[in-house]
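Here chain A shows up in two complexes: once beside chain B, once beside chain C.
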Partner chain A sequence: MSALPFLIIIPLLGAFSMPIISLFGEKARSAWAMLVSALTLGVASKVFYDVWSTKQLIVYTLGDTTPLGKGVNFPIRILWEVDLLGALMALIVTFVGFMAIIYSIEYMKHDTGLEKYYTLILVLELGMLGIVITGDMFNFYVFLEIMSIASYALVAFRNDTWEGIEAGIKYMFVGSLASSFILLGIALLYGQYGTLTMSYLAVKIAQNPTLVSKVALGFFIGGLLFKSGAVPVHMWLSDAHPAAPSSISAMLSGLVIKVGGVYALTRIAFSIYATSISIKTVGWIIIFFGCVTLIVGNAMAVIQTDMKRLFAFSSVGQIGYILLGIGIGLTAYGTKVGDIALAGAIYHIINHALMKALLFLVAGAVLHQVGTKNLNELSGLAKKMPLTSFAFLIGAAAIVGLPPLNGFASKWLIYESSALYNPFLAAIAVLGTAFCTAAYIRVLFTFFGRPSEVVENAKEPGKAMIIPMLILILAIIIMGLFPWQISDKIMLPTVDMIKDQLHYVVAVIGGA
Partner chain B sequence: MSEDMGLIVKTMARATIPLIGIFGAYVISHGHLTPGGGFQGGATIAGAGVLFLIAFGLSEAKKRYDHHVYSALESLGGLVFLGAAMLGLSVAFFYNTLWRKGIAFAGEPGTLLSAGYLPIMNLAVGLKVFAGLVSAMMAIAVYRRWKE
Partner chain C sequence: MNLIYATLGLIGLYIYVSFASLLWEGLDRKLVARMQRRVGPPLLQPFYDFLKLVSKESIIPRHAGKIFELAPVFALTVSIALLAYTPFGFAPLFNTKGDVIVFIYLLTLIAFIRVVGAINSGSPYAQIGAQREMIILVSREVPMMLGLFAILWRLSKLGVSKPFSLATFYEHNIWEIGTPLAFMGTIILLLVFLAWLASEIEAGYFNIPEAEQELAEGPMAEYSGRHLALFKLSNALKEFISASLVVAIFFPWGISGLVGLTGTSAIIADLIFHTLKVFAVLFVSMSIFRAVTGRLRITQAVQVFWLRMLPAAIIGVLLIAIDILEVIA
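Showing the complex of A and B:
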């Protein structure tokens, strides 16, 4: 029996039973949340190992043993289809989710309504897991909405602060509009082709590539760029991430914008549209947005005085690199350069999830212990909170891409492929990194200044906040020590599986 | 200004609330046979709750509303749905083993006791929707004041 359904069952069970469990008190509540997310991490590791060791897609049908209907040779049921990219995303989602839940035990101690908080954080994780495993367009939309609505509620969780409410409203309006774009795209595809299964849709579109399918793709790209915070539509992100509780910012920035944005974009572009339309055009559109995002995001990060806002703009900038990698992967489809670019993008998704989660946890620790995230007041923090400052140093060095850490390899792959593809793009990427370096060095100098009055009495946070940071540091360093092994053993096979659209289709239709 | 509505409205509410409740229960329990189902029926019953709140006023509604009970009912609805979906897990998630193996709810199609796990899921969804909507409505109704 496949472990796959438990990826959904366990967080769903955890979220549904949370109101009952929390009748037994605070300890039971946080212990249950930790247990559930730890089990989910275990299941995700199992699924990842299964897919990785066999290099086979897992196809799981809901409701029966086969996705095909009786007497017909097309899929009629909802099915989950997990390739290596999906499994990798599931692993990173559950890992960062687990870290965020451990962290929030201490971090959220002073807030009220925590049974709703833990329910929502499990629902958020559930939504993201659903997106990465699903092989059905409408199922994808439902999980996208589960994820989005949970994150609207979590951004506005501290509803006694004005910024929480403001950011929540902004995020909700923008996010709902983006979701409705995606729903409209799905409706158009269903009206034209009469199916919602991704792999069968790929067949149908390849047979009859109509204008409708292109319009639908336009809606998908529009909606998903909203969700990933690409530049013309990144304004919600720079408000939502600072206003959310830091454990949630870590999940939003590390996971939500990747799973609901760039992952879905990759899946739709490569698994549904890759062979039926001119993906070169689509690739250039994504490259354009990637380059704009890269410059604007990183440049805006330089001028911020609020620590979490700086990290939020830096997330926008890093999304730019990922989009650039995916775009080159599409335009140079089937060439070595395209493969390297896509591998770099996927690698950077994973790396950035780890390091941005670490950075937001650091920001949360500072906010929790000192009570301000204004960088002008935070000088000399390194003397009072050495461990937290060290965590920041590692996170910042990784995000800039210093060689012993994990950010180096993924950025190198993106630089290399963009330089090979078009040197102009590489120049833009390097310019973005220059801005990024400037932004982080500014923060670093604040940390290592003379202690100001505000940080005079600061001390390190407790164990529950330190341990997730240490684990993330460890992950970043270990991944940094074996960059090319990871790239060869995991990222390149992932790229091979994404590009193998035929296999993605045949695994469902079964050669019929 | 008094909180509740006038005598006529209250009397009419006394007469109609049971009817709305019964109709909602009908919609839920016949979800697999007639249009409607868990969501529609649950929302109908929650409508009876809304009528109670505005006809009899907030203080009267508060006496009959316990946050913990509704919260627990809502999660119970979710758990029952998940449980029904997991019954056939040895074959597949959401496998309708009750119907396929003829264990329960396996009567002639078109009768009330048919369709396997569907009636159970409708009941669960109805419970969840009812409890959730009433909780949300009460939370909004008691929300602090109009101004500071």
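Showing the complex of A and C:
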């Protein structure tokens, strides 16, 4: 009996029962949300441990024991297929989701309509979990839309503020367009090959790589780069993250752009297309967008005066590193350099989810306690909110990539591989980091300067907001102390499993 | 067991370098005084200063935060950690391949901690000093890193056990390359490194962030008592460490081989000989430079770094790289 279905059952049950549980009052509501997300985290850890310890894919068919139909040798049912990357993403999604839910208990106290909020946040988590475990293209699209629609609603959750509505509308309009690109790509693939199972599609495309499959890939890349906030289409992100409640920003920036964007891109590129088309070209396209994203995102972060907007642009910049790693992983497919780059990218996905979640929780604490996120007014916050400032210091140091913290190892892998692959790319990566450092040092100096009048009466937030921050700090420091062990034990096996497309296919079709 | 020996070694080095670096401060003040026809303080003056500062009351300004009080401790901690990665006439205690990055990182971190401590003091003098220190910090490290990485890369081509480690200098040194162009390049890089050393320890031209007369000690304006003592000590350690880097790159020869010592006595002889070389380098880069030059304005200093030192470093690097790049026959 696999634990996998409970990864969907539990948040689904939690979300759908939330309106009923809410009738029992405020306490029951938040306790239920916490319980559900904690259980999901437990299930995700179990799934991750199962996959990691056996190094085997988990294939789960909905409605039957085998994905293959009666008398036919191709899969006809929806199936879930979890490799180490999917399990790792599920783990980080549930972990950060749990932290965000604990945080919301205090942070969202002054808002109304919280039963909808908790329903939406659980649905958001559900959508992301669905994306990372699914092995079916249309199922992927459905979960992508679940995630996207939940995040449109959550960005615009504070609908009495102008910016929430503005950002929500912007995000929804362009987000729907991007989703329709992906749907169109899926429709093209279905029309051409008559199947929607990822692994069977991989076989079909390899047998007959038509122009249609390439057009579909173009649509996927376009849509998914939008979802990940890569540069020409990052404008929704810099509005959505500042406008959303901070617990949601933490999930948007830490998870949504990675699960709905770079994870899906990796899955489609490696598990479906890797052997059938010239992945070198695809790799260079991704590298190009990665480099542009890296420079523009980090450079725009330097000039921001709004703290959350700065973090949002910094997320764009960090997505650039991840895209760069994935791109090199594709162009240098099957070489040592490609493996290192991909391991670095995956490692950076995890690390960035932790540290950006921490930074947005800090921003939320500042906004909650002081009432402004304008950096020009927040001078000297460290005196009044030392713990929050310390959390910021750790988060900023980790994101810049200082050695005792987790950001170092993942960025190092990306630098090293890009320098070995093409020194010009490494120079761009270092330039991006220089901008990133400048942006965070500016905030740091603001925090540690002379106390201004605005912060005069500020004090630390309560326990429910401090504890998630402390847990994230702890995770960052612990992951920072064992970088190479994690890289060797988890990230490199993950890369091996992603690259093993044959195994991904055979696990479903069963050697046929 | 190895770890215990390394810890003991680090403690021993810390005690030794603290004494040696404070002794050098006294020597420096004496020498500069003699250059200006003064008698100068006694040789052990820095020790008295240190003890006096430790015994005095530390005043914490009202607007200062926690980091203000923690910065001196962090600075000293990082300096001590840095000792484990510094070549002292023998390979660093914790040498591994690539430890040069740790060295540069920790060396920069000390200056950065000073800046953060100053920013957190709430004093405008300290803040202006900190801004200047930040500007100099980002300007001065570029030529140094360029030179250091190029030299290590060039030496790794000669075959070393741990590439990009500071232990490399005791396997091969830069003078061994032998070609006239490489020799010229090395000389140019030596000048760059002496200038870098002067700016790292803020002597002469580069005494800009602290600028007593203009800025009332800059970043250190609000520090007093124990906190100031810790900063003074970590600065002295940093002077010694920076000069050790220059000595290790350009004058790595040991004495123990010549007089036939082995084992512990060889280490001690090398350490003492290294100390003498450090004093000689500091004499040039610190005492003389301090006595004969005045302070530059911050804009002039930035120009010196980017328009003089950086091009010089690039030329020097190209000269030492040129015979391996095979652009000339």
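We adopt the following convention: the second predicted complex is superposed on the first by the 512 of 512 C-alpha atoms of A that agree within 3 Å, B and C clash if a C-alpha of one lies under 4 Å from a C-alpha of the other, contacts with A are read in each partner's own complex, and residues count from 1 in each chain.
Methods note: contacts are C-beta pairs under 8 Å (C-beta built on N, C-alpha and C of every residue); 3 or more make two chains touch, one makes a residue touch a chain.
What you are looking at is a predicted structure, and each value in this text was computed from that prediction instead of being measured.
Peer 1: Once chain A from each complex is brought into register, does chain C clash with chain B or fit beside it?
Peer 2: In the superposition, chain B and chain C stay clear of each other.
Peer 1: First (chain B), second (chain C), both or neither: which does A:L492 touch?
Peer 2: In the superposition, A:L492 touches no partner, neither chain B nor chain C.
Peer 1: Is A:L184 in contact with chain B, with chain C, with both, or with neither (first, second, both, neither)?
Peer 2: neither
Peer 1: Considering only the touch criterion stated at the top, classify A:D64 as touching first (chain B), second (chain C), both, or neither.
Peer 2: So A:D64 only meets chain B here.
Peer 1: Mind working out whether A:F16 is in touch with chain B, chain C, both or neither, as first, second, both or neither?
Peer 2: After superposition on chain A, A:F16 lies in contact with chain B alone.
Peer 1: First (chain B), second (chain C), both or neither: which does A:P5 touch?
Peer 2: A:P5 contacts chain B only, not chain C.
Peer 1: Between chain B (first) and chain C (second), which, if any, makes contact with A:A464: first, second, both or neither?
Peer 2: The answer is neither, since A:A464 touches no partner chain.
Peer 1: Now for A:R450: first (chain B), second (chain C), both, or neither, which partner does it touch?
Peer 2: A:R450: touches chain C, not chain B.
Peer 1: One more residue to check, A:G380. First (chain B), second (chain C), both or neither?
Peer 2: Second partner only, chain C.
Peer 1: Calculate the angle at chain A, using C-alpha centres, between the directions toward chain B and chain C; round to the nearest 10 degrees.
Peer 2: Approximately 160 degrees at the chain A centre.
Peer 1: By residue count, is chain A touched more by chain B or by chain C?
Peer 2: B
Peer 1: For A:I509, using the defined touch cut-off, is the partner it touches chain B, chain C, both, or neither? Pick first, second, both or neither.
Peer 2: neither
Peer 1: Please give the nearest C-alpha separation between chain B and chain C in the three-chain superposition, to the whole Å.
Peer 2: Scanning every C-alpha pair, the shortest chain B to chain C distance is 46 Å.
Peer 1: Name the residues of chain A shared by its contacts with chain B and its contacts with chain C.
Peer 2: Overlap of chain B and chain C footprints on chain A: empty.
Peer 1: Over in the complex, which chain A residues touch chain B? Could you list them?
Peer 2: For chain A paired with chain B, touching residues are 1, 5, 8-9, 12-13, 15-20, 23, 60-65, 115.
Peer 1: Spell out the part of chain B that touches chain A in their complex, as residue ranges.
Peer 2: 68, 71-72, 74-76, 78-79, 82, 86, 89-96
Peer 1: Give the list of chain A residues in touch with chain C in this complex.
Peer 2: It comes out as residues 380, 382-383, 386, 389, 402-403, 441, 444-445, 448-451.
Peer 1: Note which residues of chain C are touching chain A in the complex, please.
Peer 2: 63-67, 102, 105, 116, 119-120, 122, 127, 134
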